[in-house]
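Paired with subunit B in one complex and with subunit C in the other, subunit A is shared by the two complexes that follow.
Let's look at the complex of A and B:
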């Protein structure tokens, strides 16, 4: 108890110096918390963006369709699989898709188009496709009076072919059986604008696309949304065990390029923060060492009257840790409201920022124990390391010097 | 009478080559008995401080031995020596050297805390000893709110409170005016007589020397005269 008092009073003895030290520690803490929050927050936003846009948390394919898509690598009769996914309470929803490159024609023009057949009802709850409809309305899977299915086309195709709602669209591709596929569709909706990633996509009802490509009930991809977005890897592994004949991959694998650039970026961030904190700590170490050197005589006296050398070193460590704790508590007081605001409100960027390939124009942070805890442990850990040289200096202090000082 | 401290041919040399060699303490053999009130006197640089440091286990001799209550402390170091000082020796310094962030009471309590004495006993002893040094009522003051004489009284209390076999004081009155110095020495003398406490102190002051029961004269690191009254 008396030792705590001693440490506390020694901190408050050099008010101005302790204040400066505490301020740099507090500043370092708040900066680290903010930076961790921003990095985690913007990546979480980017992840949320593309998982909801189209990727989902987990995808199922036949063989290596993900790496080398070929029309004949399809999942046959996915009804049982679908029923199994519906029954799994950790899965929020899933959707079925087929893909094929094709050429789209109007009366006057043609343009390359990516055909995606989607289960319209399931797609609604699994991806943001319905929300991306910019003209017309989300189609249904019925054929019209003339026997045509409806299609939703990317704004780029509408522009290139100079067609709009109610116009005819002809698609030509190759069927899964090698036959030439061609058919006529009615434009029922336009998706996104000319800059969106779906600008060259034609969305068809699943049945229409299967018929077009001679795929007869088969699909290329099952995309799954989980209730807990943090469990993609675990759930993918569990599903993979149930489905040995298919390939199940979490978004980290599906979006491998993004995931790797995110990991690299986070590491870079951590190194950068480490350097900033290191600079803060060199300064703090300096003051701690200085405060010990100034008290050479005092430590000599404490030693002369019988304080063990290890106890003196422990006293310095205690002092440094107390100061760090006070600073971090102060930092918490500042950063909690800051991060709350940052997470729930955030700020708009003057220029959109590229986060692993996703353009973000509004930045929000993340509120998690990690964001507050990691810098806290870092600072306390550093405080202990810092106090070592000062503690050793105090422990080795010669008591005869103290007796001699006149 | 029982011997508290004895040194046998104790030497402390500084410097390693012949030119810089200083024989601060040179083959000193003394015995100090329980209850003695001894002053070490001699010109500046004669080795008084160095001898006190050797006796107090603050410094290791170049050769010879220092025996305190049957233990040769010349061979001890580190934690063992720290603990030995804590339990057997009290120190009073010329510059008082109280812990500035502690009150008078806490300064006295600290050493008992190191000894692991429980809180109630610490409190009891602090109260008692503050009374003995005439400092009752000033227990809560920090050193910077006390006069030099008062600080040195607290220092005496701090040195005594662990019940050491011997109290060593290097020029305890040198920073005080002569009246305060003499009052302080009278206090030490009174404690010496009342509790049979052993004191060894160094001084330059004639008036202080007069109050000692034994005078050890040093010169060039050697004892040149040992007067017992």
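Let's look at the complex of A and C:
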């Protein structure tokens, strides 16, 4: 306790020196927190965006549909699978989809279109499709009085074909049985704007798309949202074991291009982080060593009047730890509002950046215990590592030698 | 469709014997010249001919099998009209071919769609026949150099494109049975000499006094498990009710 008191008093005895040391430690801490937050944050936002936009955390396909989509690689009778996924409490929701490239026609024009048949009710809870409707309202799966299904079309298609709500849309594609798929739909809603990724997509009710493509109840894709987004790989593996005939992939595989760019970038970030941490380390070392060496004479006097070397070393280490603790607490106070701002608004990029097909418009941070905790331990660790040899050296110095230094 | 080639061969079988005999009697033309002469004469005969056919097309792939019934009318080599009768889902889908152009009519959406040049090598109605098979009117003897070999009961005619012509195939092997004189098979090779697809003729029946194979199988070599079979259920030459008005866009659009 005496030791503690001494250490505490020593810190406040030399206010200017302590303040400088503390400032250096605090600066290092804030810098580390900021870097950690940035490297984790930017991507988490993008990941949250596309998993909720359409990808989901896990997708199920037949065979290698993901790599080589062919219309006949479909999951037959997905009702049992659906029931099983509904019963799984780790799964928040899932949706069923069919896909087919096609050509969309109005009376006068035509344009390529990606047809996606979606289970309208399930899609609502699994993706942000409903929120992307910019004109009209989310369609239902009923046929109208004239026997036409409704369709939601991307703004690009509406623009290219010059059609709007209530107009006819003609689709032509190839059916799963090799026949010419062709039918007329009523435009019930327009999705997104001309810059969104859905601009050339036509969304149909699942049953309508299955009928269009002669797929009779089969689907190409099951997209799953988990309750815990960090467990995509584990859950995908568990599902894969239950479904040996199908391919189950986490988003890391589904969005492989993005994931790989992200991993590459993160490796680059790791080097950058290493440099920052090294700079912080040098800063801490410098301040701690200076504050010890500066006091060689003082330690000599303490030894001469009978302080035990071990106590002396302990006191120096304790002093450093105390100072480091105060500094990081101060740093925490500064960085919490900073990271809050960084996470919830962030820097807007002048031009959205395309990372493997995913657009990122803001650089934002992440707010998590890790972001604050890791630098805290790092700074304290550095301080201890440096102060122990410094303290030991001070303790072992002969008092006469030490007192002779100025 | 291969229908035309097949008809060529049918006529070849019919008239060829006579010409062959003449050629053999004259004894002054080489075997290669004879092949050219036969096919040219046959094509000459073919012009102006009209026909009506009802056929069944079976498309087999590893994933599905689809059977379609259709009827086709044709005049010469450059006008053809095909209408699908069944299955119900596809009933009324029609294809019109006029010279080098081709249109499909889809009754469900009441739309005529011209087949663009880029789609010519694409599949016709999901079969292993290409749109080009329907449209092309290459005169074999003009665009290909012919050589002929004889065995005891078969003629093997080898067609290699002449240097100045642009053709789809690098080589066609044409096997014709001697007695009766009917086609047996055609093998289509690409420029590297790889066999791309095979067409086989079988089940010959006498129609309008001609012995004609009524079953044709198109087997693409690059798509394992795929095959298209065409079976002629009915075939008439020079039927009275075929005239030019059938081969119009107006007729293509007409409700069926």
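The criterion applied here is as follows: the second predicted complex is superposed on the first by the 314 of 406 C-alpha atoms of A that agree within 3 Å, B and C clash if a C-alpha of one lies under 4 Å from a C-alpha of the other, contacts with A are read in each partner's own complex, and residues count from 1 in each chain.
The criterion applied here is as follows: a residue touches a chain if its C-beta (ideal position, glycine included) is under 8 Å from a C-beta of that chain, and two chains touch if they have at least 3 such contacts.
All figures in this text were calculated on a predicted structure; none of them were measured in a lab.
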Which of subunit B and subunit C A:5 touches, first, second, both or neither: first
Dominant toucher of subunit A (residue count), subunit B or subunit C: B
Subunit B versus subunit C as contact partner of A:170, first or second or both or neither: second
Which of subunit B and subunit C A:307 touches, first, second, both or neither: first
Subunit B versus subunit C as contact partner of A:297, first or second or both or neither: first
Touching partner for A:400 - first (subunit B), second (subunit C), both, neither: first
First, second, both or neither for A:13, with subunit B first and subunit C second: first
Overlap of the subunit B and subunit C footprints on subunit A, listed as residue numbers: none
Touching residues (chain side subunit A, partner subunit B) in the complex: 2-3, 5-6, 9-10, 13, 297-298, 301-311, 399-400, 402-406
Residues on subunit B engaged by subunit A in the complex (per definition of touch): 49, 52-53, 56, 58-59, 78-79, 82-83, 85-87, 90-91, 93-95, 97, 99-102, 106, 109-111, 113-115, 158-159, 162, 170, 174
Interfacial residue positions of subunit C with respect to subunit A in the complex: 59, 61, 63-64, 66, 89-90, 93, 104, 106, 108-109, 111, 113, 123, 125-127
Complex contacts: residues of subunit A adjacent to subunit C: 72, 105, 170, 172, 174-180, 182-184, 214
